[in-house]
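In structure tokens below, several structures.
Two complexes follow with chain A in common, the first pairing it with chain B and the second with chain C.
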Partner chain A sequence: MNSQSVSELKEEQRTSLRSVLLGIADDELIMGHRHSEWTGWAPHIEEDIAFSSIAQDEIGHANLYYQLIAELDQTSVDMIALGRTAGQYTNAVICERPNRDWAFTLARHFLYEVAERIRLESFRSSSFKPLADASAKLLNEERYHEMHADAWLRRLASGPVEGRTQLETAIGDALGESAGLFEPYQLESEALGSGFLPSSSMELLHVWLEEVCSRIEDAGLPFNISPAPIGEVVPTASGALMGDASSDESVPAAKPAIQRKDGLWIIEGPLPGSGGRLGQHSAEFQDLWDDLTRTYREEPQATW
Partner chain B sequence: MFQQKGHQDPFVHVGSVTAPDAHMALAYAKECFFRRREGRDLWVVKRSHVHHLGDPSMLDQITDKSYRYPEAYRGVVGKREAAKAKVAAMTGAGPAPRSAASTAGDEYE
Partner chain C sequence: MVMKLRTRPPVPENPRKLTLARVYELLREVSDPEIPAISIVDLGLIEDVEVGDDNVVHVTCLPTFVGCPALEAIREDIEDAIRAAGAMAEVKFVFDPPWTTDRISEEGLAKLEDYGLAPPSRSRPGAVSLTLMSPGSCPFCGSRDTVLESPFGPTACRATCYCRSCRNPYEKFKEI
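Right, the complex of A and B next:
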């Protein structure tokens, strides 16, 4: 399946392909945007350059996926990337959370990069060739991102108590909600059936959970999972999602039940950090969206 | 931070980064010096592992060391040919055979 033969797809197949591409593209764009907020403010000059490069890379990845969507939709990349309302973005909620501090940024960076690599590895066998090709290409750049994240994780985990404590807290805060990176895409069962998605989001969630939990444990960090807002979003057998968003402040945040059972790390109960794939975002996303799309909205026809 | 451009080029010092360990130094060096694909490989070496001569005046050449420069040997082939010709004219024969002593070792260069 290539871009040309897309016109032969049935409407649901096409929509399912689009929802997969949009989910991962939005994750990359929003993550890259948050990372880019460190430019000029990172802890030191070398880190500033390295982290700004990573931010640029993530936005570059988003650009690649948006190009594929633009071909499907017969529209422009800018229109897809910047011309949507906040509720049309399908990034996972963890990506939009403010950077807070360097420890939280690093914890999320680590959790995100592992998720991204697992996702890309899986997409390499997608039946949609442009996605398979793009994934193989991006994995190369991904190696550097993980090298960077891993260096920080190990360094802080074995370093002085202050940095270590801050990292522990940050991982506890970010881990639950990062599971939302594997919230099923809209019409996921269709995408699985067509082979666009070689593995389901739930399968990849377990691969990711196993890896990040083992690596956090190997680094000698304790597990203190903080309560995360849980959208009552439950994947049904058909892959469709039912339920409510996490934005309702009256719903008390619950502690995600991440634990080891029979030697495997598992999450029990509803998926924490979900809602993003349905366009349900935190209040913080509104500010980010405002900032991200302001220039585009002022003059959508402008060329650069 | 040492950078190699082509695979046969030497690693050349191009700058430095501040980092807590070699792993981080490599991560930083890649972005600080290779953002635009400036080379094909890189090394980082901890500054404390670089040993410094300390007194650069030791490199000064106090006496005539011109014999250490190739320029000093310009024309040596001509001089040797002239000497051979001179010996041949004096003895009426070819060059003298090397003495036993000169083939027995104990010579250094």
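Right, the complex of A and C next:
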């Protein structure tokens, strides 16, 4: 059954819809915030403009989702976007990782944009019409982000050795935690039951793995997921510390939790890069949150 | 960010009933502040106009780019244009159908070009490749010896291009 608006939903439906919207909105806001950190600092002016524009788009998209959540919560968009504690944000951990360098920025940008398109294509058949409509609209805009990411992947992959090597390492580093973009939302089974989510996060993870693997290999780069965590370790959804093998003598040397065997993707143990959808974040996120919400915390009535 | 330095027309106490034709006439005077050359009607932003029994004009608009900071300014400009004519407006933005550059009128495309902004082509790039996005013709000299410098520009809707013939950089309204 299709829902035209928030007012038609039952209480438990609202809760599961809210958790889906909050996950994707927070991904967009935090990714946009990281991109905006290149404003004034990118390697050349076209890229300064590109990342500033993409940041503006992503934060605008987050704003759209926050408007729907504000309707569910009967509150303001600013309150949702900026008035929460760090532990109430449900973005995937990969989004909050610092930009590090140009290679890591581009690697994550590519992996994120492919994930976002796959997610939006799936949302087009959401039973919640405002989400389905927004997804159709956003796909048209996101196309340019993915074009941009794809152009850089090819440019660096077919260019001089240094850039190619750096990109290869960065992709290996970012790949594992990017899988956390498909960590299930809280109350995902309810959202699937109501048709808000047409496909489960795990189904989409397989689609994403298949696509990024073939695109990376087409560009002439190896598809290797680095087994080491890329930042400080964040508790996973199960509470275990990801990649923390040293504490247990019986565990052999770390190996990637995601591997391809006979054309199938095998995911062993907790999903790398997960925890974000439950509000578990790194200390790096705390710094970002301080920066992002400072003005709002000092002056909640400020208008922009 | 919307600069609120101007004074807005007062809300009329007894709103007048405007005809649809009159409303469209008023909307033709409103433009996107980032693209002043063409009206929001030519831009294809207006999806529907209804004048209610209470004389309130309900304007349904389609946002161009979702994150475009001009949207709130456009909303206020529509409200002000209708208020100045003695009526009241309620503006809402919807996403169904999605706004695309195909909604820009022929006249609008010509005005964009006169303004110095290469108009979007009627076909949108489908596959994921930058090479498929055309830089179009130079709005200054008409040459097709042009290159796409970046799919991004000073506003969400513009790409940055360069004309190798007259050696001018120019901007293009990108297809979405």
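Please note the rule applied: the second predicted complex is superposed on the first by the 264 of 304 C-alpha atoms of A that agree within 3 Å, B and C clash if a C-alpha of one lies under 4 Å from a C-alpha of the other, contacts with A are read in each partner's own complex, and residues count from 1 in each chain.
Everything below uses one rule, namely that a residue touches a chain if its C-beta (ideal position, glycine included) is under 8 Å from a C-beta of that chain, and two chains touch if they have at least 3 such contacts.
If you're wondering where the values come from, they're calculated on a predicted model, not measured in any experiment.
*Asks:* Should chain B and chain C be called a clash or a fit once both complexes are overlaid on chain A?
*Replies:* After superposition on chain A, chain B vs chain C: clash.
*Asks:* For A:L64, decide between first (touching chain B), second (touching chain C), both and neither.
*Replies:* After superposing on A, A:L64 lies in contact with chain C but is clear of chain B.
*Asks:* Looking at the overlay, what does A:H44 touch: chain B (first), chain C (second), both, or neither?
*Replies:* first
*Asks:* Under the stated touch criterion, which partner chain does A:R100 make contact with: chain B (first), chain C (second), both, or neither?
*Replies:* It touches nothing on chain B or chain C.
*Asks:* In the superposed arrangement, which partner chain does A:K10 touch: chain B (first), chain C (second), both, or neither?
*Replies:* So A:K10 meets neither chain B nor chain C here.
*Asks:* On the A-aligned overlay, A:R294 touches which partner chain: chain B = first, chain C = second, or both, or neither?
*Replies:* neither
*Asks:* By residue count, which of the two partners contacts chain A more extensively, chain B or chain C?
*Replies:* C
*Asks:* Once the structures are superposed on A, label A:E146 by its partner contacts, choosing first (chain B), second (chain C), both or neither.
*Replies:* Touch status of A:E146: second partner only.
*Asks:* Which partner does A:S53 contact after superposing on A: first (chain B), second (chain C), both, neither?
*Replies:* both
*Asks:* Quick check for you: in the superposed arrangement, does A:D133 touch first (chain B), second (chain C), both or neither?
*Replies:* Second partner only.
*Asks:* Tell me which region of chain B runs into chain C after superposition, given the options 6-14, 60-68, 78-86 or 96-104.
*Replies:* Of the candidate stretches of chain B, chain C runs into 6-14.
*Asks:* Residue by residue on chain A, keep only those touching chain B in one complex and chain C in the other, then list them.
*Replies:* Common to the two interfaces on chain A: residues 46, 49-50, 53, 144, 147-148, 151.
*Asks:* Of all residues in chain B, which touch chain A in the complex?
*Replies:* Per the stated touch rule, the residues are 17-21, 23-24, 26-28, 30-32, 35.
*Asks:* Please output the residues of chain C touching chain A within their complex, sorted ascending.
*Replies:* Touching chain A: residues 1, 63, 65-69, 94-96, 98-100, 124-125, 128-130, 133, 149-154, 156, 160, 174, 176 of chain C.
*Asks:* What part of chain A is in contact with chain C in the complex they form?
*Replies:* Per the touch definition, chain A meets chain C at residues 46, 49-50, 52-54, 56-61, 63-64, 129-130, 133-134, 136-138, 140-141, 143-144, 146-148, 150-151, 304.
*Asks:* Considering only the defined contacts, which chain A positions touch chain B in the complex?
*Replies:* 44, 46-47, 49-50, 53, 144, 147-148, 151-152, 154-155, 159
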